[in-house]
Every structure is written in C-alpha cells, then in structure tokens.
C-alpha cells in the first residue's frame, strides 16, 4: 500500500513521458521540419544553458513574479465579488454581460487601453493579466455559489446567520471546489496574458520576451525552451493550487 | 409577478448600461484621450456603418463560424475524454501535466506549430482554437466528475450498472453544471483564440483581422467597433449555453 | 498549348499588407501577373515568423516582403529557403526607419535624446539597430531608456505621451506627424550611422522566393520576377499613381497615403556591385548585433532575374 | 401623585405579560402555498401555543415540513401571514432539526464545530462555545467522537449532532422534523427523555413532527392532526398529563385513549384521500 | 448402460441443488474494516442464510450500513472475504435501499424514471419498463405523483420511490437500510405488509436494518444482534413464526418473548460500551 502510494507520486511523469515521446516521434519521423520544431534534446539543452548561464533563468523568475502578482490581485478582488454576485442571481444576471463580454475579448485587444492607463511598465502587464484572471475567477466563484446546495444555506439562515455570514461561512465554503477550478483557470490565464504582454508590450525580460526574441531570431530551440518553461511554470502553479485544495477541500462529493 | 418576470429579461441591459456609462464618463472626463478611446456614440456609429455597408458584418459572421466550429470540435472531443479521465483520478493525474502545460501556454506561441501542421488557411485557426477550448472543457468536465456526489455513483453501481453506463448516466449528468462552466469558458476562449489568430497569423476576414487593421490604421472607432462586436458575440454565445443549461440542469443545488 | 490560355500558373504568395508590399499590389491590380499568365494566391501572413515558417514548409512560394535580417537568419537555418529577387532600399529620401520625438520635447538631433524615454520598433533587430544608432550619436545605454513596442501601439503610445520619442517605421511615423503629436528627428538613419554613408542604400527588406520554387518551376519563377520588375518600374515611373494602391491594400490610412514616403524598389538583377556591397555591409551588421547567427555571403541568397 | 400611575403601569405590564404568556406564540393567518400544480395549503389558519410542546402528525407529503419551513421563513409563502407575538419574523432564535439532517450539516466542520456553529453566529466567544458544547454533550450523555466530519459518521450519529446543534442555542422556538428517525432503540428512548427534560426546564415552544404516534402523544401537550394536502387542521388534540411523564404514563387510560383517538382520526383522514 | 450414469447425475444434481438451497447465500470470513482510528470490524465471520429475511439490529454507529455496503461491494474491505454461493462478487442483482435515500436518487430523473432505472441498466425495453413500473406501483398501491423530480417530493415520498426502485428488479438479495424511517404511521404498517408479501412470494434473501425492534422481529426469520464496534455478532436469534404474520402474531407469546429477549441482549450490550 505504502509502496503504491509512493508510486503515485510518479503519476505526473507519465504525462511528461508521453508528451516527450510524441514530440520525439514527430521530430524523428520528420512530420515537422526540425528547423521549425527542434528535438526535445536540443530544446532541453537550450533550456539548461539558458537557465544556468543565460538570461532564461531571470526571465523565468520575472514571469513567475508577474504571474503571482496578477493572480493574487485577481483572487483578492474576484473571490469576494464572485460570492456577492453569485449569492443573488438577479445581480449576477445584470452584470453577466460585462463579465462575458470581457472574458470573450482578447487581452491583446485590451493592451492599448491598459497601456494608456498604466504605461509600458510592469503595471500594465500585471493589471491586464489580473483583469483577465479576475473575470475567470469571478465567473467560477459566482457559479459555484449559485449551484451551492440550498439546504446548508437554509440551515445557516435558520440559525440566524446574517447574509454576510452566510456568504462567508457557507457560500464561500460551498463554492470552494469551484473556486479552485476558477483559481486554476485564472492562474493559467494570468500566465498566458503575462507572456503575451511580454511579447507585445515592450519588455526587456520575461518568458514572453524570450519567446518573442527567439521567434524573431528563428532560434527555435530557445523559443521552445522558453515555451516549455512557461508550460512547466503553469503546471507548477496549478499543482500549487491543487495541493492547497487537497488540504482544505476534504469534503467534495460527500 | 408576471410583470416582474418580464422585467427580469431586462436585467442584462443593466450591465450594458453600466458599461456604457463608465465608458462615456471616461471619455467625457478625458481620463483617456478621446483619440485613443472614442466615445460609445462614435464607436456605435462605426459599428453601424461597418455592419450595414462595410466589411464588419462579413467579418463578424466569419468569426462566428470559426468559433462555432472550434467549440463544437472541442466539445465533442473534450466531454467524453473529460468524463473518462475524471472517472479515474489516477489516470487524470497522469495526464494532468499535459493539460495544465498547454492550458498555460499562450495559443499564440502554438501558432507556428499549428501553421506547419494545418497550413495557412482556416484549418489552423479553427484547430488551434479547438485545442485551447478543448483543454479548458476537458479540465472542467474532469473536475466535475471527480467532485461528483459519491452516493449516486454507488447507487448506480449497486444496480449493476457497468462502468461505461455509470460514466454516461451518472457522472455525465452529475458533472453537467461543471461541464457548462467548461463550455462557457471554452467558447469564450475559442473566440479569443480565433480573434487572436485572425490578428496574428493573418487573415483576409474575421473580427481579429478587423481589429488588427483598424489598429494599424489607427482607426480607433473601427477598432473598438470590432472589439465590441467580438465581446457582444462572446456574450451571445455564453447566453446560448446559459439558456441550454437552464433548460437541462434543473436540479443544481438540490 | 490551348489550355495554357485557360489554366494560369498558380503561385502562392505570403503577403504582409504593409506599404513595402506595394509592388505586389501594383502587379496584381494592373494585371502584370495576368500578362505573365500567373495567378497569385494571396495568403495574408503577419510579419516574418509566419512567412518564414510557411516558406520552410512550402506552403508559400513567395514572400512579397521579407525583412532582410529575418531572411538571412532563415537562410542560415535552412539554406536557400529565402532567395531575394528584389530589394527595398530605405534612405533619407526613401524614408522608412526614423527617430521621432514627441512635440514639446526639446530635441533637435538624436544626440539630444539624452535622458529620454524611448520606444523602439519590436524585435531584436530593430532594438539593436536603434541602440547602435544612439551609440553612434554618443548616447550610452543608461543615458536613455528604450522599450520595444508592437508597431500597432506606436501611434497610441505617442498620442498618450507614454514616451518622449523613439525609433519607429513608416507609416506610423507619418501618422503621428500628421496627427500632430510628434515630429521626425532624422530618417535614413541606418544608411548614415550603420552603413556609414548618408547616400548608401539600406536594403532592410525585399521580395523572396523559395529555392524549391525556383528549381521546380523555373519558368513560372522567371515570369513572376518579370511581373515584379514591371511593377517596380511602374512605381518608379509613376509614384503618385502607385500610391493609390497603398490605401486599398495595405495598412496605410487614407489621410497619409499622399504623404507616406516611397521605398527604393530594385530588382536584384539590377543591383550594382556597390549596392551588393551595401547589402553585405548591412548583413554583417546583423551578424555583429547577433541577429544573424553566422556571417553570410549575401550573393548566395540573391536570385538575379 | 406619582406612585399611582407607576402602580397602574406596573399592573398593566403584568397584565400584558400574562396576556403575552397565554397569547399564541405564532399566529398563522390565511396561509396559502402551492407547488407547480399541487395546492399544499389553502387559506390555512392556525395558532401555535406559547410554551407548549406540540406535535404535528399527518400522512407523508401532507405538508408538515413545508409548514415549519414557512414558519421559519425558509421558503416563501404564496399568501397569508405568519406572526410571532403579533410581529412579522424578526430576530428569533430558532432551533431546527431538518428532516434531511445529513444535508444540513456543514461537511467542512467537524461535528464539534457543527454543534458550536449557531453560537458562533450569535457571537459567543470561542472558549465559551467550547464550554457550552462540552456541557450539552455531557448533559445529553452522548458518546460519539465529535472530532469526525459529518460524512464520516453514521446516520444516527449525524442526527444526534443535528439535535445538539438545535438545542445548544436555547432557542425561543424549537422545530424538530422527525428528529429521532435514525436513532437506535435505546437512543430514541433516551433522547425523548432528554427532550422532555429540556422542555420541562425551559418551557420552550416546541413543534415536533413525528410519525411515531406513541412518541407524539407521550411528549406533547397538543397534537395537530393534519389531513392530506391541501392540509387542514383536522383536529387539535389536547393531552395534559403531568410532567415528567414516564413509562408509567403510557399505560394510563388517558394516554391510551388519546392515542387511540388520534389514530382513529388519522386513519379516517388518510383513507379518505 | 447409458441410463444409469444419467440417473446418477440427476441425483447428484438434485443433491447439489438441495445443498445450494440450504447453504448460506453470503459467507463472510475474517472481515476487517477500520476507519482512521476506529476499528469497525475485526476478523468478523458470518453467514447470511439463503431465502431468509434477516434483520440487523444494533446501536447507532456499530457498523450496520458499513456491513451491507461492504457486502454489496460499495466500499472496500481491509481484509477478509465475502463470497456469494462460495464465489466472489460477480453479476448479482442487488436491491438496495440506502439509509440516505435522498442522496441516492437521481435528481435529473423523474420519480418514475428513477424507479425504472435499474431495469434500464438490465437492458429492459422502454415499453416493458413502463409496464413494470406501473405494475409495481399498482401492486404496492402507492398514490404519489411519479412525474415529480425527487427534490420536489417529501421525505417519505422519496423513501417510497427508493423502495420501489429496489424491488422492481426482483433482486437476488435485497438490502434495506432503515427503509421505513420516513414513512408515516399508516404507510409503515402498509409497507411492512408489502415487504412480507413480496418475501413470501419470492423468498428473496433479505437483509433489513431497522431500529424498530417490533418491526424487526415481526418481519424476520433471523435477527442479528450486533455489539458496539468493533462489531461482534452477539446473538443470532431465530424466530420461526409461520407466515403470513398478522397483527395477531404480535400478541403471541413467542413473539413477545423473542422481542423481550432481543431487547434484553441489546440493552445489555449497549450499556456495556
């Protein structure tokens, strides 16, 4: 049993292995020109060099920092609002247009506006990513609250809990599984937007800048190294939320 | 009561009104230079002209078409897979890396690869959008299945339902609220990716092309008209799923 | 043969709809391709990377405009993937790249940009060129700040006053000048500061074909080049006439169509040794700033028609 | 000169108090409720007496749970009014055991914290909460592991937790919707006694829904017999045996006749529909 | 020459059949189960007799639900084996009424379709399903609106639907976990009779968990008395009154003594822990 449990830690590596196998096969069978899609080996070599002696390490940390900031801002704003909106379906319906509208608008289309409001620095990148992530989190939290089990809310109400307390003590917890879905969606989206912003809004560092530069220089191993770093970062951040969820949400499905 | 119900249909317009009010105020108070952010009036004038006599109508329909295709493909692939993966947490953990990896990678970084695989035409745009949307839908469906209430699954099992039947009859329905969250996330994401692909891969039509062109020409009313059309389209598609959900998922929270 | 008249040769062309693609649109609209019995299939591809990827995978045979340094780079990675048949020269007269400055910012020369917040056209090639030019004007890094910015944002950013000035390209430059938010400090800066001669041609972009196309359909390639030549001749002879094709086909606003500068279009076959030398010098510069990974003999990527 | 009005006031206050004490606790007037096509209540009038233990006895689906849910303000009424001491619902401390006690537990809280939750709502300090939960657990002499989460407990254990959660606040009105349905034989008897004891000690107005007629009569001062829906109050039986009642009580003639009478009315009503 | 072996085989098959008929239906050997720190079963052995109606009687939380869940293969055992006719669990038709019947309903199906669902699983055609549901509803004489969704029904109505869903498949083994806990007085008596009738007609091996000792004895051939956990089979009481049993049966000496004995054992055991 314990040995089995140990083995389960290895499960994520199955996915990585499959990904690498498909990738290697694609390169090996020349389905894609190796100039355009380098082999995993040369990508990882580029990544290793970039991480140890190149700029990739710095870029990576910069992107981590921006993503964390924007996710944190998004979560702090979106979770309370999501609970509030979700608790009253009427209110939610009335702002739904705005939420769905902006969720369906590419962040890059928002760049000009954010640029004007926040300049070219980090603030634009963080705020535009936070904006995108907040919408997704808000949407998920509100949904979670709307689909919360009614009996528990009634139970709290009959105990004399105020609306606010019900929001906080019951709805928040009821919607936690969904909130975590939102957070995981949100952190991935924040990362995506940060990377895209680093690509298109003047940046001197970050994985997006790294991807952009490598792309401009046709340096495909470097480009895929940066992309891989971004993807791995995304997985890592998701894993973080998964772990937190595991610890806190023990009752899901019960 | 009936009059009140009638009024509820107007709720979404509250959101639109607020959005327009904030927008007008921003322009009016010159928080943003009106050259950079045109007033709602001039945007809607541009939209009206574009829709009736210009190319915007065609672009709009093209984007609708691509988005619908990619969402449909994504849903068809992702829902069954999501249920399968969600039904076995171990299997899900083993592919989680791949899912989270690609969810966290900007679609625009995937463009070169899809371009090579699917050519320069519509297929690339549709397939890259379908890919992005499928991951989100998959993620949500799998989560929904994993968090499904155990008693119902047990009830089906004790009745002798096969694994497949449980997947289909119980888990699918249990996860429907979450699946709809996924679909709504997915359709928005598909739209975003289609628009971005139209912007950055290059296209002769579509809202993204419209945005890009207007941006290059520094024609802000046209740009915001196209953005607004995209956002409204996103809301419309979300509304479609919401309506379907309303009809089918009558038991949520019960 | 009888069916030759009916079935035209199809050529797939990647087109980045900017003013540099003008010869393509002129040839198309004035029927020069048709005269050559060629039917181009236009694929819009935004910028270098998609064009190069499409060339590498033979999805397009011609890129109507391909930035020289990007083409050179691609040729290092996969020799012969981009063979230039025509070049676009940019100089003080044939304005393309230039330094601009916000109206109200005190600067008469590039050297006055000390302490300024600058933007640059995107990509390492542009950024490093801008830095090199600034360096030639005695400005070290740290004397100024520079951020690369997507071309679509240049007019925005200047209008919003986000930057004091920067290194930008046409038609953005014309647009910001026209709208009164900025003025040009100096154009033709590559010629003057990089190539070291104000009169030198900076061949920053051109029209390229894949060697595959040239080898497998030599006759079609030749006819394509003939049409291209005719278009260039037409532009050089009737620049004002040619302009009107900009408005319709490229990202050039109507209000600057009449003022946006033309480029010096030339067929590779017409280039003098001196001009080839200028191209070589530009290529070497690309290598020196690390944008082209190897030193390359430019004649190897020129296809004379 | 000043003494007299004061005395008068005193008097009238006493009168008031007395009136209050005998006035109904909850007044239901013209209550109507329907679900889709079924009419559950149609112009229903009823008074819940103050300080009495009242049972509601009626066939499945007649609307017992619906009634107490409406009184507690958990589901809206279609028409009519429900008044507490002549006032609309305000800040009243309810104790409530839900029929679906399982779903009314908070799965994110351990049993202990579930019981303490109503106190938390009332703003009682943590140490006081702990003390009071420990007191009620000791008082009711319940031997279950309160460190478990609800979903780790058996049905009966969950119901016990649910009962303790309802009692801990010392409520003004106590609603018990089939509160002993999942308890074992011994525990049911025991909890009946506990309930009786709490009632004797506090005289809390209590509404008990039970399908066990013996239990209903044994515990109650009043038994409301409801018809099939649309529910009518078929009869409001008084049973005034002195408390504490014991096993002895159940063999008394009064008890047996009351029970028999209720049963007869019930069966007549049920067989009608 | 050829007739004899055939006759022999015939004989041995009969012997086999007979042996099968008297052999236990379910054999439990060395069963162990623990949750976090509580040991519920520790090396528990037990045989469930074939074709008998067996009641399980025990205090709250002793492990009754856990036991039948393990037999039905719904939760894993820690150790030990559970065999059906000497075989591990295979394709056995279970009928199962969950203690938490509410959560075991499918809220997306109307009551009618909930009842029909096990037939659908078995691949019965739609028209046949409808016919059989209608038959069982008529048979049990149940008067509820089966077009409602579970969440639109009262507790008792949901439980009735749950019972019908368990009975419709004509199961090989029927597990009933407190199946009448939410039914009204009349309905409980009625469903007891229905259950007895079904049992008499089909002799389905039935395991009934009930906290009502009278009910348990009245319905059962065997009563398993469980101790507090770790659960032991304290006694396996036989009660062989002839069927159909009636109200009359309850006043017979045998019934009263069996009930009293069970109660005594139960109380002794419960008070021990």
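Remarks
When the chains are written out, they are named A, B, C, D and E in that same order, and each has its own residue count from 1.
Assume contacts are C-beta pairs under 8 Å (C-beta built on N, C-alpha and C of every residue); 3 or more make two chains touch, one makes a residue touch a chain.
None of the values given here were measured: they were computed from a predicted structure.
Among the remaining chains, none touches subunit D as well as subunit E. If you tally contacting C-beta pairs for each pair of chains, A-B comes out on top. Distance between subunit B and subunit E, defined via averaged C-alpha coordinates, is recorded as 50 Å.
Taking the mean of the C-alpha atoms as each chain's centre, subunit C and subunit E sit 84 Å apart.
Centre-to-centre spacing of subunit A and subunit B amounts to 16 Å, using the average Cα coordinate of each chain. Among the residues of subunit E, those touching two or more other chains are numbered 100, 103.
Within subunit B, the positions touching two or more other chains are listed as 32-33, 36, 112, 116, 149, 199, 215, 254.
Counting only residues that touch two or more partner chains, subunit C has 49, 53, 56-57, 152, 156, 160. Each chain pair that touches appears in this list: A-B, A-C, A-D, B-C, B-E, D-E.
Contacts from subunit C toward subunit A in the complex involve residues 48-49, 52-53, 56-57, 70, 73-74, 77-78, 119-120, 122-125, 147-150, 152-153, 156-157, 160, 162-163, 290-291, 293.
Note for the complex: subunit A touches subunit B at residues 8, 11-16, 18-19, 31-33, 36-37, 90, 93-109, 112-113, 116-117, 136, 139-140, 143, 146-150, 177-178, 181, 184-185, 187-188, 191-192, 195-196, 199, 208, 211, 215, 227, 230-235, 237-239, 252-254.
Across the complex, subunit A meets subunit D through its residues 149, 151-152, 154-162, 165, 169-170, 173, 176, 249-251, 254.
Chain contact summary for the complex, subunit E toward subunit D: residues 35-36, 38, 57-61, 64-65, 99-100, 102-103, 143-145, 152-157, 160, 178, 181-188, 211-213, 263, 266-267, 270, 273. Partner subunit B is touched in their complex by these residues of subunit E: 69, 72-74, 91-94, 96, 98, 100, 103-108, 117-118, 121-122, 149-151, 169.
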